[in-house]
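Chain naming follows the written order as A, B, C and D, and within any one chain the residues start at number 1.
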Amino acid sequence: MTTSDSLRVGIVGVGMMGSDHARRVASRISGARLVAVSDPDRPRAEELASGYDGVSVHDDATGLIGSDAVDAVILASPGSAHEEQLLACIEHGKPTLCEKPLTMDGDSSLRVIRAERESGRSLIQVGFMRRFDPEYAELKRLLAAGALGRLLLVHNTHRNKAVPSPEFRSEIIVRDSLVHEVDVARFLFGEEIEEITVLRPAPTSLAHEGVADPQVAIFRMSGGGIVTTEVFVNCQTGYEVRCEAVGERGTVTAGLSQTGLYTTRANLDGDAGWWGGPVAPDFTVRFGRAYDLEVQAWADAARTGTVTGPTAWDGYASTAVCSAGVESLQSGQPVKVTLADREVLS
Amino acid sequence: MTTSDSLRVGIVGVGMMGSDHARRVASRISGARLVAVSDPDRPRAEELASGYDGVSVHDDATGLIGSDAVDAVILASPGSAHEEQLLACIEHGKPTLCEKPLTMDGDSSLRVIRAERESGRSLIQVGFMRRFDPEYAELKRLLAAGALGRLLLVHNTHRNKAVPSPEFRSEIIVRDSLVHEVDVARFLFGEEIEEITVLRPAPTSLAHEGVADPQVAIFRMSGGGIVTTEVFVNCQTGYEVRCEAVGERGTVTAGLSQTGLYTTRANLDGDAGWWGGPVAPDFTVRFGRAYDLEVQAWADAARTGTVTGPTAWDGYASTAVCSAGVESLQSGQPVKVTLADREVLS
Amino acid sequence: MTTSDSLRVGIVGVGMMGSDHARRVASRISGARLVAVSDPDRPRAEELASGYDGVSVHDDATGLIGSDAVDAVILASPGSAHEEQLLACIEHGKPTLCEKPLTMDGDSSLRVIRAERESGRSLIQVGFMRRFDPEYAELKRLLAAGALGRLLLVHNTHRNKAVPSPEFRSEIIVRDSLVHEVDVARFLFGEEIEEITVLRPAPTSLAHEGVADPQVAIFRMSGGGIVTTEVFVNCQTGYEVRCEAVGERGTVTAGLSQTGLYTTRANLDGDAGWWGGPVAPDFTVRFGRAYDLEVQAWADAARTGTVTGPTAWDGYASTAVCSAGVESLQSGQPVKVTLADREVLS
Amino acid sequence: MTTSDSLRVGIVGVGMMGSDHARRVASRISGARLVAVSDPDRPRAEELASGYDGVSVHDDATGLIGSDAVDAVILASPGSAHEEQLLACIEHGKPTLCEKPLTMDGDSSLRVIRAERESGRSLIQVGFMRRFDPEYAELKRLLAAGALGRLLLVHNTHRNKAVPSPEFRSEIIVRDSLVHEVDVARFLFGEEIEEITVLRPAPTSLAHEGVADPQVAIFRMSGGGIVTTEVFVNCQTGYEVRCEAVGERGTVTAGLSQTGLYTTRANLDGDAGWWGGPVAPDFTVRFGRAYDLEVQAWADAARTGTVTGPTAWDGYASTAVCSAGVESLQSGQPVKVTLADREVLS
């Protein structure tokens, strides 16, 4: 493939995330086009395909991944299907963007990592989109530039307006929400997390009965740095994600300005006028641009036959930290994180 | 009087402004105490006096000003009474804080200025409280420190939530609201205003019929600097006063942070959460501290028998600019400001 | 062309703006690819083409515009060449993105507008990228939504760190910088500008001798609204562009948060630590995203054979306002803007 | 004493804090005057007294406290002298403002609390000035007003530019810095702290060898709420104190706007212009107003023979939490806080 040809992308799984990626590839990504989809719910796949020109529907993920008409694959299927699909992508040498989680446990993740290593190519990028958010990327750049000195602490805030409570249990808050701060901490420090504590404050009365919300997590990094994170998925106000990095000679905060617009409004709260603006309602508003940049970077690399960005190891390590976090949430105690030896992995 | 004695303050006029000053002197000013009041509405003066220990009620301003039991005077009477009262204060050598306007026209103001000069002492401070606001004072200090280079432009915003419209005619907006920016411009540039233009945009439908609101004023300073000001006294949101000074090498803005608190709130506007906070409802909230600092500085100086702060000349010049502004508001043309020769005044 | 084919874009003129658009079309725009360039400086065109796959170099603009291998054209040539090139684009039915100015004077602009009308299709989009900036677009959306009531005033700030002074004369500041606020005012009010005044404050000592910098412009809209604008192209701090819209029941400000990151830094200014962040150095940083969105929207429309966004009329009207502005800058007086009758134009 | 007489204040201890209070009482507090001082370093006391009119110097604290010429006492002596001095103040019925710590251990604090109770009057106010800071007070008011729902979490930041390291050991950071957040947590929640953990991240290289700086503290409140606090006393940037309270339906943050002024500056960091402003250099700038309001409120109450504001119990409880915090800092484990039974104390 010459770089003037566009990348032919197939998407496995067309639920909320997969259909969002379909729209993105079809309308906002340079040098890529959507050519194939598959989903166990075939009518859903057909309906999506009918909205675009020239998109074929495959009976199953295996067929799509193996197709000569597909250059690269986005996996937006359930995590339980990932191991088999990732191994197929590696076997066929297809650059892949895999939504988190990489797989459902450590052993399967390690099998994927080994297979990728044996293939001799970087093929798996995990969907931690925050690394592509302009503010997080700039924060990382400023730390790397050195003017703030060594990184000492990170304080995160992660709030959702509300979640469908019955399904979104306490453990899911760790695995689906906190996992982003797990990756952010590893990304900013460039180190592994050695220990995690997840505390349960007295819960909000606005979460479903029995759900530990909010939660406060503390990570201890391998170099001794500490990360504090508030996760609060029923905060009522909107989607607020902030990250303050504290270095030896200064700090940087991402996510402080909720929106670029500053407004004043009459009589918003009883008789009082207000300054400010609306809180982003959800992650598609706050991180829509990050997803676009993530997929563009992935497509740019995929056209040369590889990937950049967060790796299968990042997916593996994040899952391991979250598993320890779930254990801590239950016991109330700090839990050590155990990772395979990265160097002698194979 | 040694400095350990407290300053005995008399207040002439106990309407909204005078009673506010009474409370201030009685409870928030160090080294001063309220001892006397007068008002044409004697029952109003008596009611106020009854709220404090040891405050006498005088039949008229002259008696209060001449009383041996009064060290210093605050004039909160109507502007039409000021000339006679100010001349009495000067005659009795009483340090005076005179609420704006100094007097009702240029000739009377010049008579006051001449009398004060002949007395050989600074005795008249005019109540332009913004000079004492911590932000305006710091802005002035930064400009004076020189790091921003020469001052080139000033942009002001002056908004009130609403005013009692029938009485608050277009000309009053110039004389009572814009007058503050007139003083601010003279204060920051350290120059006189040479020309003023007051434009009438299409008015808001929320002002009284026929009132020119908002207004946009342009001042040309004697050194060539330009000042733009929006005055909007029925803006509906609250009291917003901002001032951006533009120097050759940087800018400073006062009044940008509406309040020190940053909040997020659920469901404030329909379903959307909001970040921000309430706009100050009125000048007592925004400039309450400035009034306290103004009166404290005045009392500190008065205990030594003099005044500092904005002078009778500042009061005279501001009135002259506003008179030209009213003329411009009517004609739509720029109007030159004519001032007496300050040096050969007497 | 079906929508699944990518739009084949030719660029006329590969100076700073043209080469920037080349990079954009080649790497950041979905559904479009760069296929042809032309430039009077042919080696410059060849060098640019050599950086991409499959880009042909044409001897002249006419050849590129007429080529069957080119679906749509971006004009980044000097304004003096625009009339002839635009007429060629219309003749060949090619959707065109024309960088400002549309043409060099009113008569030539009207000829282009008439030709486009006679073609029966919208084919000319003028490069006012601010309308595509997320903040300006959201500001417009909020005004249109009505919660702020009727628009009364707009206050703009437009600052550049520095410009190559000898070439960037006083008139150029009006035609190249202020022209953006001219379009913003027309866009936000949805009205024409009836009168413009451009004031010359005492200039900064850091501009080239004789250049009127800063400038303060006042527009009177056809509905009576007023717009104030500071243009300051040697402000030393960086690229600061702000726009505050004042409605009857509230305000909206774009461009207030200079960057999403909030930092604190040790010892930045002598011994003092600082909060804040760097000012955007230039328009490519502040409006890079706006250019991307502008070209994406243009390409999306061009694939269906037309354009949306600012029209040839917008280009014509803006030029007419700037011409009046240059006259005002010289005379110091308000100057009426004369436009052709839009309805009976042909 | 009628309320028109001014309160005669004596100050015990005229080091940095005591001389600051002397200046405050003498020049910024209404209805109070400085009449007496004492200090073991008598020449220091005499030098201070000589700067004011009518201030007598006492040989010792006992003499000052017992003097008929002293109505109320400010204790700015070392904590080790407090028990005896506080008991004397209670014996003589003098309203007292006692700088923290109340005393050096729990038993002595309880003796003071019992003596005060037996006296039948509130006489001891402890110097937690943050409760009087306008932002913290407004934050408390907003929580009490109920619109944010129940308080769930508090996140504090407490940074000093630098401290004299050899003397400012790890434990002192807990006892002198973190103690403020201990009081803030108790104040905002209206509950006691049940458990404290103080973590030691890898330290900054800019603190003295062996000092645990920064520290991260976690409090568990009696009602189940959680408080996280970063204390970093060698952060290099300046004095940054923030507090974010997270309720069920919204949040409030104090201390976010570092200063009311927003500036842009040329070339502050190499070639880049900056927006922002200087960080407050120390607590006298950030909390100077809070101290003034604290002492004014104390003096207003003392003129009626009592005190309001933080009590001896608040001083006792804070000390107990800090002692547990020091233990946690050493062990790395959560430590329970043991308090006397408040109800059956005597």
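Couple of notes before you dig in:
Just so we're on the same page, contacts are C-beta pairs under 8 Å (C-beta built on N, C-alpha and C of every residue); 3 or more make two chains touch, one makes a residue touch a chain.
Quick caveat, the model's predicted, so the values are computed rather than measured.
Of the two interfaces, C-D and B-C, the higher number of touching C-beta pairs belongs to B-C.
Ranking all chains by how far their C-alpha centres lie from the centre of chain A, first place goes to B. Centre to centre, using the average C-alpha position, chain B and chain D are separated by 36 Å. Chain centres here are Cα means. That of chain C falls 56 Å from that of chain D. With centres set at the average Cα position, the gap from chain B to chain C is 43 Å.
Counting partner chains per residue, chain D has residues 235-237, 249-251, 263-267, 273 touching two or more of them. Remark: chain B residues 149-150, 152-153, 155, 157, 199, 201-206, 214, 216, 218, 220, 223-226, 228, 230, 232, 235-237, 246, 248-251 touch chain C in the complex. On the chain D side of its complex with chain C, the touching residues are 161, 235-238, 240, 258, 263-269, 272-279, 281. Residues 2-4, 6, 26-33, 52-54, 134-135, 138-139, 142, 147-148, 249-257, 259-267, 273, 296, 300 of chain B touch chain D in their complex.
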